[in-house]
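Should a chain be cited, it is by its letter among A, B, C and D, assigned in written order, with residues numbered from 1 in that chain.
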Amino acid sequence: MDIGLIGLGKMGGNMRERLRRAGHTVVGFDRNPDVSDVASLEELVEKLPSPKVVWVMVPAGDPTRQTVSALGDLLGEGDVVVDGGNSRWTDDQRHAGMLKEKSVGFVDCGVSGGVWGLENGYALMYGGDADDVAKVQPAFDALKPEGEFGAVHAGAVGSGHFSKMVHNGIEYAIMQAYAEGWELLEKADLVENVTEVFRSWREGTVIRSWLLDLLVAALDEDPGLSAIRGYADDSGEGRWTVEAGIEHAVPTPAITAALYARFVSRQDDSPAMKAIAAMRNQFGGHAVHTSAPPGGDAPSA
Amino acid sequence: MDIGLIGLGKMGGNMRERLRRAGHTVVGFDRNPDVSDVASLEELVEKLPSPKVVWVMVPAGDPTRQTVSALGDLLGEGDVVVDGGNSRWTDDQRHAGMLKEKSVGFVDCGVSGGVWGLENGYALMYGGDADDVAKVQPAFDALKPEGEFGAVHAGAVGSGHFSKMVHNGIEYAIMQAYAEGWELLEKADLVENVTEVFRSWREGTVIRSWLLDLLVAALDEDPGLSAIRGYADDSGEGRWTVEAGIEHAVPTPAITAALYARFVSRQDDSPAMKAIAAMRNQFGGHAVHTSAPPGGDAPSA
Amino acid sequence: MDIGLIGLGKMGGNMRERLRRAGHTVVGFDRNPDVSDVASLEELVEKLPSPKVVWVMVPAGDPTRQTVSALGDLLGEGDVVVDGGNSRWTDDQRHAGMLKEKSVGFVDCGVSGGVWGLENGYALMYGGDADDVAKVQPAFDALKPEGEFGAVHAGAVGSGHFSKMVHNGIEYAIMQAYAEGWELLEKADLVENVTEVFRSWREGTVIRSWLLDLLVAALDEDPGLSAIRGYADDSGEGRWTVEAGIEHAVPTPAITAALYARFVSRQDDSPAMKAIAAMRNQFGGHAVHTSAPPGGDAPSA
Amino acid sequence: MDIGLIGLGKMGGNMRERLRRAGHTVVGFDRNPDVSDVASLEELVEKLPSPKVVWVMVPAGDPTRQTVSALGDLLGEGDVVVDGGNSRWTDDQRHAGMLKEKSVGFVDCGVSGGVWGLENGYALMYGGDADDVAKVQPAFDALKPEGEFGAVHAGAVGSGHFSKMVHNGIEYAIMQAYAEGWELLEKADLVENVTEVFRSWREGTVIRSWLLDLLVAALDEDPGLSAIRGYADDSGEGRWTVEAGIEHAVPTPAITAALYARFVSRQDDSPAMKAIAAMRNQFGGHAVHTSAPPGGDAPSA
């Protein structure tokens, strides 16, 4: 099939490559002319046969909103826009509604796979009307991993990004699980070589997984992770998962714990813990720490 | 090799079978004469050539303590006892010390694999002196999964059970992660077929794992899990992981959240939430619920 | 001063009474003619001298939105609307903007005090321009508790409700703290009379507080809280506090734990724990519980 | 009454003073001769009339164990030892048993009050036989706050320290509640003067408490708490509360969150978060942070 692809960064660039390897004709556009196939959105749309399928792969939020809006002006009846970025599912309804006024279809697609997707395929969760999905199906088939799993039509518009968001929320908590176990094994000082214990878990255990494989790879590259700071960004899906849980009164304590651990990891000093230290000082006369870091665990209460 | 195996339940019985398939001679003992090879511990010990290796596979706590103690009276210099049960690592030091007085070696071994171990092999994490471990090595090699992973000599006595305990703590949090995601997808009512979304995650995603495969199998057997009560036991390792974290000042918020969710799942009514309801009633006049379950979410604050 | 008061429920009715006791002239309106002083909003507005001050005390969300909107049509330059309900702070900006087009001022005011406010006074946190606040000041002075504390001009529009929201978030976690302690004392079965321990804490301890006094009062009314179900609603402010924390990357683990405990308290069965039970059954052959409640803690892992 | 008091530090010294002000005869002993009334434990015991009452006020753990053991050798039938330190309740049974062999009674007493106790009185929770408690009662009456609350005979030996431990667990979570609220108000930047909001809460609100009063005092001394590091020790009772909860399958999520926040506050870098960063780098190519602190929130996922 012919497909337009907007956004040729780390993800988009690899996806163009995987689509081409599968024999599809991809017209790619990026602000960076070095990687772009065309000079403008207009040229991209012009080069596609009808019904035109355009896959948007730009950052969530304003960039995606502006791109979808611009495509609304350029596309027409029967064409389809796919948002493959990390948009919040609540954006999808708005985008679909905006495009529907011009009889343009909309499909939201959560994409997982990271830097491994080019070779292994991308896991895809998409939402939208069956007619619209059908027009994109050849691209989905090319992008997804080989084998029977890795792609799902999750439901109506928004269900793809919602599924991907929950996927990422789960991912947060699974990473946190391994991380807590790793810190405990390192600190307890009972196990001689923690990396070897983790490596052994790759077969036969209940907790074998791809993330475990990746953690072992990282431990091999940097034993003890001594070169890495304990600083973790978050990209939005973890926050949205917790918010969606709150909206539906679904408790998500493990996912939330993982999210909060990331928040804390980015603080140079914790205002909350200043308040704790201040209160302890007031009622118990416990000394507070000031500028210099402490030499060790203080003995007081 | 020749090996004695005490405890022929779900785990021990399958391990005897796997050891025999690998050509080893297993003398099994169990209280249940229908499955036991010998009539007594004495007979078991008698039948083994020296140095005698005896693998204990009985419940943690008193049963293991009594069995190790009895073996201390029956075994002699150069023999080795392996505790393959779910003992707390702090028991291992005591057992090793008790046996050392009689020049009997001790190896602790955490075993993972559940009902799948017979065919797939058991993941093994063991701790002890190299000499003692060497005497058990042929059994380890037979029990472990094929391939390069699945077994590790973690360190000194106690390190095997400690590693297995952390493994189980991680397992608690990973299960909780999937469970939270599943509940959210079911409640949000945006995805048409939640099982299909979980199934799609089995390839290409960051969260693919064996536990995910198992959850999909369970969802296939009982769509919506309508026949299952939300009731989960815990076996000790989760509690010990949190306690070990506390001992070493290692925060384990995700593992702890998973443990507490299990506690709550077993309560018919929550005393803590009675206290919350009572306080709200006192300051705000909010109605409390009495015996009958509520018809729905009450509107008040 | 003269003041209009819309919404004469449990809170509004008592506030009218406290304002009148302080010598103010209150024109109250409620849908319920039995408690209303006037027959319509129009009549209420008519009866007030300029600059007219109208205090809205209706449920947050649509009722407040509609009332503010209606007042926008009835009021004019220099008049002031006070929203004393439990609105989300994000609504305040919208309401203020809507009224500003008609030169009507807006003040948001978080009100705490529950059924005790009539006698003890209401804690007030308000936000808005100094000019607008000045017009309401006599009412604030009448409603607030005697003494030097209990009222604050927190900042611009929205800051009053935001402060009240955080107040409630803190309240959730404090209640949860006492509730956890109470459950533990009851379950541990070491203390003979838990109520007496709580009562003793009312003086001299670090944790003495008004909520503690209330909990003791509840325990006196219903020893063991045997007549109360462990079921707790939540009113919105707890959720918003967690959401605001997420927006600002501020971890709120204790407040969040309190919120989630309320969610769980309202579930007849936990979908997440069904998933946990299903996974345990798959890998370990652990029996699942079906319809009937279990007779006791099962021994398995 | 006559009473021996061992340990004249910050707490013990003030307690001696409060007992003397009430007319009691206190024989104090401390390793520091500058504050000690006698030169040795032997002299202290000698100076007391029978039945002798000796109050131990030294650090929990070894110091208390050694002191109780030494008193066992010096005291005789009908005498009573009071442990007023922060011992774990499980130590009490051991101490009581050791003394019982010599017909010496034992009372455990949790003491709250900090630096305020001298003037305001100390909250007391004690456990032991009625006969033993009766011998100490005059001292309890002198130490406790005036008014009807502040002292309780909680039950048998151990119940006093258990009650105090739960008190401290609750205290952890309440402090955490205020701390989270304070950080959120500071970060959200909607409220002009956060200290004034906290001050206003001291009357009329649901969350008024002594800890709130103390936090306001701290904020007055150091606006913004700019001179204090966010570093908080923990003294044992928080850990024991969580452990006791685990033993009795009582979930304590808010108390646990407070404990873990203190653990994190003392880490220069989080090993767990290193592992998170390492995994993210492996699957997504997300850059990790190395030595230098980041300039700001990175945009990536």
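The criterion applied here is as follows: a residue touches a chain if its C-beta (ideal position, glycine included) is under 8 Å from a C-beta of that chain, and two chains touch if they have at least 3 such contacts.
On a predicted model such as this, the values are computed, not experimentally measured, just so you know.
Visitor: Following contacts chain by chain, what is the lowest number of steps it takes to reach chain C starting at chain A?
Guide: Counted as steps through touching chains, the separation is 1.
Visitor: Please identify which chain has its centre, taken as the mean of its CA atoms, farthest from the centre of chain A.
Guide: Comparing chain centres, D lies farthest from chain A.
Visitor: For chain A versus chain D, what separation do you get between their C-alpha means, in angstrom?
Guide: It comes to 44 Å between the two C-alpha centres.
Visitor: Where the centres are mean C-alpha positions, what is the separation of chain C from chain D, in Å?
Guide: Their C-alpha centroids are separated by 32 Å.
Visitor: Quick one: report the Å distance separating chain B from chain D, using the average Cα coordinate of each chain.
Guide: Here the centre of chain D sits 36 Å away from the centre of chain B.
Visitor: Which chain A residues touch at least two other chains?
Guide: 114, 176, 178, 180, 183, 187, 206, 211, 249-253, 256-257, 260-261, 264, 266, 272, 283, 297
Visitor: Where on chain A is chain D touching in the complex?
Guide: 10, 86, 114-116, 175-176, 178-180, 182-183, 186-187, 211, 214-215, 217-219, 222, 225, 227-237, 253, 261-262, 264-266, 268-286, 288-291, 293-294, 297-301
Visitor: Touching residues of chain B toward chain D in the complex: what are they?
Guide: Spelled out, the residues of chain B in touch with chain D are 206, 239, 242-243, 246, 249-253, 256-257, 259-260, 263-264, 266, 272, 283.
Visitor: Tell me, which parts of chain B touch chain A in their complex?
Guide: The touching residues are 89, 112-114, 117, 120-125, 144-145, 147-152, 154-156, 158-159, 162-163, 166-174, 176-178, 180-181, 183-185, 187-188, 190-193, 196-197, 199-212, 241, 244-245, 248-258, 260-261, 297.
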